[in-house]
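Once you scroll down, you'll see the structures, which are given as structure tokens.
You will see two complexes here that share chain A, one where it goes with chain B and one where it goes with chain C.
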Partner chain A sequence: MLTDEQLLKYSRQIMLPQIDIAGQEALLNSHLLIIGLGGLGAPVAMYLAAAGVGELTLIDDDKVDLSNLQRQIIHQFESIGKDKVESAKITALSLNPETRINIINYRPGEEEMSTLIEQANVVIDCCDNFSTRFMLNRICHNYRVPLVSGAAIRWEGQLSTYTYEQGTPCYRCLYEEDAFNDQTCTQNGVVAPLVGVIGSMQAMEAIKLISGTGHTVTGRLMLFDGMDMSWREIRFKPRPACPVCS
Partner chain B sequence: MPQVIVNGQITDVVESNLAEFLSARQNAQSSFAVALNETFVPKAEYQNTLLKEGDRIELVSPMQGG
Partner chain C sequence: MVKVIFTENLKRHIDCPPCEVEAASVAEALAKVFAAHPRLGSYILDDQGGLRKHVMVTVDNNLILDRESLSDPLDQNSEVYVLQALSGG
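The block that comes next holds the complex of A and B.
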């Protein structure tokens, strides 16, 4: 049951017939996991807190560094040296004080991550390394928790959503686990608003999943190129020999 | 010689299937997913995937940055 203040606060979203009161209540009753509070995690956490997601669990073992601030807009100059999850929590609460925010300032192992994911409605992958990306896919597939996966580097980004429903592919259908090329933002650079583009789309996918509306990019890999401002879309199916989902 | 489009670039091909095409162009970045005409092709099907004039091939590298 929404309060008068909530009806006003979320009015611009509730007036969308695809969301309505039911969708807003679903958001308020949802618990989302955000892995990584860097460039992608910043807009994801800010938009989802502001949009009225009831509970967020933020996971990151990193601390805020001066070189982060160019693009990780959830962190402020005063947060340098603080845990990213702590700094992110302060900003998210300043946008929406009613959000319940749990923070984890270390890297959970596969077992602990499984427990966390089992309790979540949607997982949003904003991390910066392949081993975590493959692990999240394995666990999310195991518990059939939808995974919104984003990645960004230089001027390019990738986005896909895995719902693990019958006939839909997983992250491992797309990429081999030995597919480790060392492309990090530290070594390759990243233009600031790129992470806003991809992160905002991840937040939008999460809102659609929770409110049960629209079509997510399941079975589609969206490729963004900021240099010529273009999107390409590549379709993919479950791989018959996929070690995770086949 | 048939021409295909590789990551947006028009390219002549002498190879008849995707497996031969990829092994002839092995570069340092050996790990990527391959899409033919906007659909990913599983590795097991490279050998049986024949190339024809105008095919669009995309080599997509996995991306870890966040």
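The block that comes next holds the complex of A and C.
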């Protein structure tokens, strides 16, 4: 049952017939995991807290650095040197004090991550390395917890959602698992609003998944090119020999 | 003619302008592109002739199925797009 304050606070979402009271209640009763509180995780955490997601678990082992502030807009100048999850929690709570926020300032191993994911409604992958991305896909597939995956570097971004429903592909159907080098924003650069574009779309996917409305980009990989402001949509299917989901 | 284009991310490593070729399969199209741009091949293919792990290819925006021998067929006006996996966050 929404309070009068909640009805006012979330009124612009509730008035959308696709969300309505039931969708807002679903958001308030949901628990989402955000892996990585950098460029992508910043808008994801801010939008989801503000939109009324009831509980967020934030995971990142990094600390805020001056070079982060150009794009990681959840962190402020006075947060330099703090754990990113602590800094992100402060900002998210300033947007919405009723959000329950758990923070983990280290990289959980596969067993601990499995326990965390099993308790979540949606996982949002905002990390910066392939080994974590493949691990999240394995665990999310195992527990059938939807995974919203975003990546961004230089002027290009990628987005897809994995619901693990029958007949839909997983992250491993799209990407070959290998020890290839991660291309990090630290080494390659990234234009500031790019992570806002992709992160905002990840938050949008999460809200649709929780409120049960619309169509997610399952089976589609969205590619954004900021240089010519173009989107490309790639379709892909479950791979018959996929070691995770086949 | 089949159009072959490459992701912006690849262009920072090596010259790979869009190309137009006559080809009936992905393998044939890429072979013709690599004949004109010899250094490009080693960025896209491994020493067995299959796609490198971090590279993906689409035909008319559908991910190809055969990463090893690149036998996916092409129509006369197909577009082949070569892209890379991204991990930055």
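One rule holds for everything that comes next: the second predicted complex is superposed on the first by the 243 of 246 C-alpha atoms of A that agree within 3 Å, B and C clash if a C-alpha of one lies under 4 Å from a C-alpha of the other, contacts with A are read in each partner's own complex, and residues count from 1 in each chain.
The definition used in the following text is that a contact is a pair of C-beta atoms (placed from the backbone, for glycine too) under 8 Å apart; a residue touches a chain by one contact, two chains touch by 3 or more.
Because the structure is predicted, anything quoted here is derived from the model rather than measured.
Within the superposed three-chain model, A:E156 lies in touch with chain B and with chain C [touch as defined at top]. In the superposition on chain A, A:C245 makes contact with neither chain B nor chain C. Of the two partner chains, chain B and chain C are each touched by A:R235. Of the two partner chains, chain B and chain C are each touched by A:N129. Of the two partner chains, chain B and chain C are each touched by A:L40. When the two complexes are overlaid on their common chain A, residue A:M227 makes contact with chain C while staying clear of chain B.
Shared interface residues of chain A, touching chain B in one complex and chain C in the other, are 36, 38-41, 125-130, 133, 150-153, 156-158, 174-176, 178, 180, 183-185, 188, 190, 195, 221, 223, 232-237, 239. Taken in their complex, chain A has these residues touching chain C: 36, 38-41, 125-130, 133, 150-158, 174-178, 180, 182-185, 188, 190, 195, 221, 223, 225, 227, 232-237, 239. Within the complex, the chain C residues that touch chain A are 7-9, 12, 51-54, 56, 58, 61-63, 65, 67, 81, 83, 85-89.
By the touch criterion given at the top, residues 36, 38-41, 125-130, 133, 150-153, 156-158, 173-176, 178-181, 183-185, 188, 190, 195, 221, 223, 232-237, 239-241 of chain A touch chain B in their complex.
Residue ranges on chain B touching chain A, taken from their complex, read 29, 31-33, 35, 38-40, 42-44, 58, 60-66.
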